[in-house]
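Two complexes come next, and they have one chain in common, chain A, joined by chain B in the first and chain C in the second.
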Partner chain A sequence: MKLSKIAVLTVILFIAYILLAGSVTAIDLLAAAIASLATSVIVADLLVRDVGKILDPKRIYYLVRYFIKYMFIIEPRAHIDVIKRIISPHMPINPGIVAIPYGVKTDYAILTIANSITNTPGTVTVDVDRDSKLLFVHWIDVKAVEPEECRRIISREFEENAEKIFD
Partner chain B sequence: MEKLLIYTLLLTLFVGGIVVAVSFNVFGGSPSGIIRSLALFYLENMYNVYAKTFWAASPEAVNAILWDYRGLDTIYETTVLYTALIGCLAIATGLEKKFRPKEPGLTIIVKAGTRIVVAIVILVSLVLAFRGYITPGGGFQGGVAFAIAPLLLIAAYSWRRLEELGFRLDKAVLLRSLGLAAIALIALAPYMLGGYILQNQFKPWIVFAGAPYTIWVFYIGGTLLFLNISEFFVVSMEFLMIFILLSIIYVGGEK
Partner chain C sequence: MVFEVVEWIIFYIGLGLTTLGALCDLFGSLGLLRFPNFYVRLHAATVGIIGGAVVPLIGVGLMSLCSSQLGVYRFAVATIFFLTAFVTMIVAPIGTHALAYASHRGRVVKVEPKVIDMLEKHRGGEK
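Moving on, here comes the complex of A and B:
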């Protein structure tokens, strides 16, 4: 079990090393093999719980799709919204903290939702309560206070993708 | 609001003024011509495959100077840190460790994020150490970068979790001593073979044939790769020791 974790992680980290080094000479390939294996042995138990999920092509497809959509559509949209608020002379803000429920189970899925919220300007995840399954989010322009309504506006898309990728 | 604007303007002018003053040599000027010729020497010789008398077999100037041209200095620096850590260990012995029953750590978001960052930090630190003689980096830099990983784990989880993962004080002490022993061995081996201490490449006026800068297809830059790896172990484990020593809660014997 641990061996399969290490094997899969080593391959991923090997590719990461080569990308970081930006060179494929013989010594780089050897160093990459040693470095990725050593790193995997240290972090395998910490990082991976279910190897099958990493190798699932459907999850990888959703991950890539979500990454592209997040970086090129969701992020610019949020940036433009906040830029408008900054340069507007009336400073149209209505800040506050709202509670947003989530339905995902795994740590990485919660992390994905929380970081997706934080990384888009205008919303910041400030806390999480695992018992009641709530994220507390600071919102620059509070449009709603009911949890389900907030979830619909802020995090529904993040949650759908996080569930497909990690749960 | 206007006060803030004036402060900002004044500060901008002040910083801008300093930048202009420095570039026009108001505070004593840039290095003199004599020092510049020194830099030229290194740049011309460190990887000069046509005239290998003064070369270090490394295209990375900092690493070449650090381990070849003034390698002894680096060894002394390493030894200073090593000795300082012996002092830290001496202070910690005799104090009784106190265990907290339950340390919850930070939120699940921080923990999950930390796990991914820790993996990246360790990999990057190894890239820095392994490629130190080719691109900017080196054993010391890699070791310091590595130490961020246990520090993040202590902050997000707890020292106990760190220990469960195998980051232990006794292991760190052993590995850093092995690292220093390896450096000493690499430094003394050329002397045993008729060269001078810490000699890297062949010099025409001395017997030692020089460390091979390629082994089979692997370009290793003479002794530099091995010195970097050894230094990585020394420095990373020493910083790990510092972090472990600081994060354990001790109970003194007497009040």
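Moving on, here comes the complex of A and C:
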């Protein structure tokens, strides 16, 4: 079990090293193998819980689809919204901190949701309460106060994708 | 011939993304000056993270992919840019999150003006 974790991580790190080094001489390959193996032995247990999830093509497909949708649709929309608020003379802001419930289990999925929320201009994650499963989000334009309503407006899409990718 | 045309198109897409990044940085810094308090200013700073750092890094990566004077090393250079963009995208919001968390926890900054503060209520309920 542990060996397969180390093997998968070593291959990924090896490819990253070779791409970054930009050459494939014998000494580069040797250094890449040693460095990636040593790193994997140390961090495999911390980073990987379930090897099957890394190699699952369906999850990788969802990850790529989510990344493309996030960068090309969600981000531009949020950027334009906040930039409009910045350059408008009246500065139409309506800020506040709202609570958003989440339903995912793994750490990676929570990180994905929190980072997606923070990365879109207009919403910043302030705190996570893991006992009551709530994210506290500072929102530049509070449209709703009810937790479920906020979830529908802000994080439903992030949550659905995080669940498909990591849970 | 076709390959060269595609190369030029990618080069100019990269140039466009970099210009877009510069604009986002400009608007982000304007927002930092104009917005009323710390938390709202964080939103303006976020414009400078994705729009102002990740997008131009991808743009420069695309440009270096098409710079033939770099030879074989252009792939390595481009990979470094793409990887930096990816890492920035994951790590930068953690910094924003740490700032917001610390200032709310330590009550350094008042959440003012505000519509509602659910976190304050949540904490008040605990004690």
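We take it that the second predicted complex is superposed on the first by the 167 of 167 C-alpha atoms of A that agree within 3 Å, B and C clash if a C-alpha of one lies under 4 Å from a C-alpha of the other, contacts with A are read in each partner's own complex, and residues count from 1 in each chain.
Note that in this section contacts are C-beta pairs under 8 Å (C-beta built on N, C-alpha and C of every residue); 3 or more make two chains touch, one makes a residue touch a chain.
Since this is a predicted model, take the numbers as computed values, not measurements.
In the three-chain model built by superposing on chain A, chain B fits alongside chain C with no clash. More chain A residues lie in contact with C than with the other chain of the pair chain B and chain C. Within the superposed three-chain model, A:127 lies in touch with chain B and with chain C [touch as defined at top].
In the superposed pair of complexes, A:87 makes contact with chain C only, with no contact to chain B.
In the superposed model, A:119 lies in contact with chain C only, and not with chain B.
In the superposition on chain A, A:79 makes contact with chain C only, not with chain B. Looking at the shared chain after the overlay, A:35 reaches chain B, while chain C stays out of its contact range.
Within the superposed three-chain model, A:103 lies out of touch with both chain B and chain C [touch as defined at top]. Angle at chain A (Cα centre) between the Cα centres of chain B and chain C in the superposed arrangement: 70°, in steps of 10. Applying the stated contact rule after C-alpha superposition, one finds that A:20 touches each of chain B and chain C. When the shared chain is aligned, chain B comes close enough to touch A:46, but chain C does not. Fitting both structures onto chain A leaves chain B and chain C with a minimum C-alpha separation of 7 Å. Residues 16, 20-21, 23, 114-115, 125, 127 of chain A touch chain B in one complex and chain C in the other.
Only residues 24, 27-28, 30-31, 34-37, 39-40, 42-44, 46-47, 49-51, 72-73, 75-77, 79-80, 83, 89-90, 92-94, 96-97, 100-101, 104-105, 111, 113-120, 122 of chain C touch chain A when the two sit together in their complex. Residues of chain A touching chain C in their complex: 16, 19-23, 75, 79, 82-83, 85-87, 91, 93-99, 114-115, 118-127, 129, 132, 134, 136, 138, 140, 142, 145, 147.
Contacts from chain A toward chain B in the complex involve residues 9, 13, 16-17, 20-21, 23, 25-28, 30-31, 34-36, 38-39, 42-43, 45-47, 107-108, 110-111, 114-115, 125, 127-128, 130. Of all the residues in chain B, the ones that touch chain A in their complex are 107-109, 111-113, 115-116, 118-120, 122-124, 126-127, 130-131, 134-135, 165-166, 216-220, 225.
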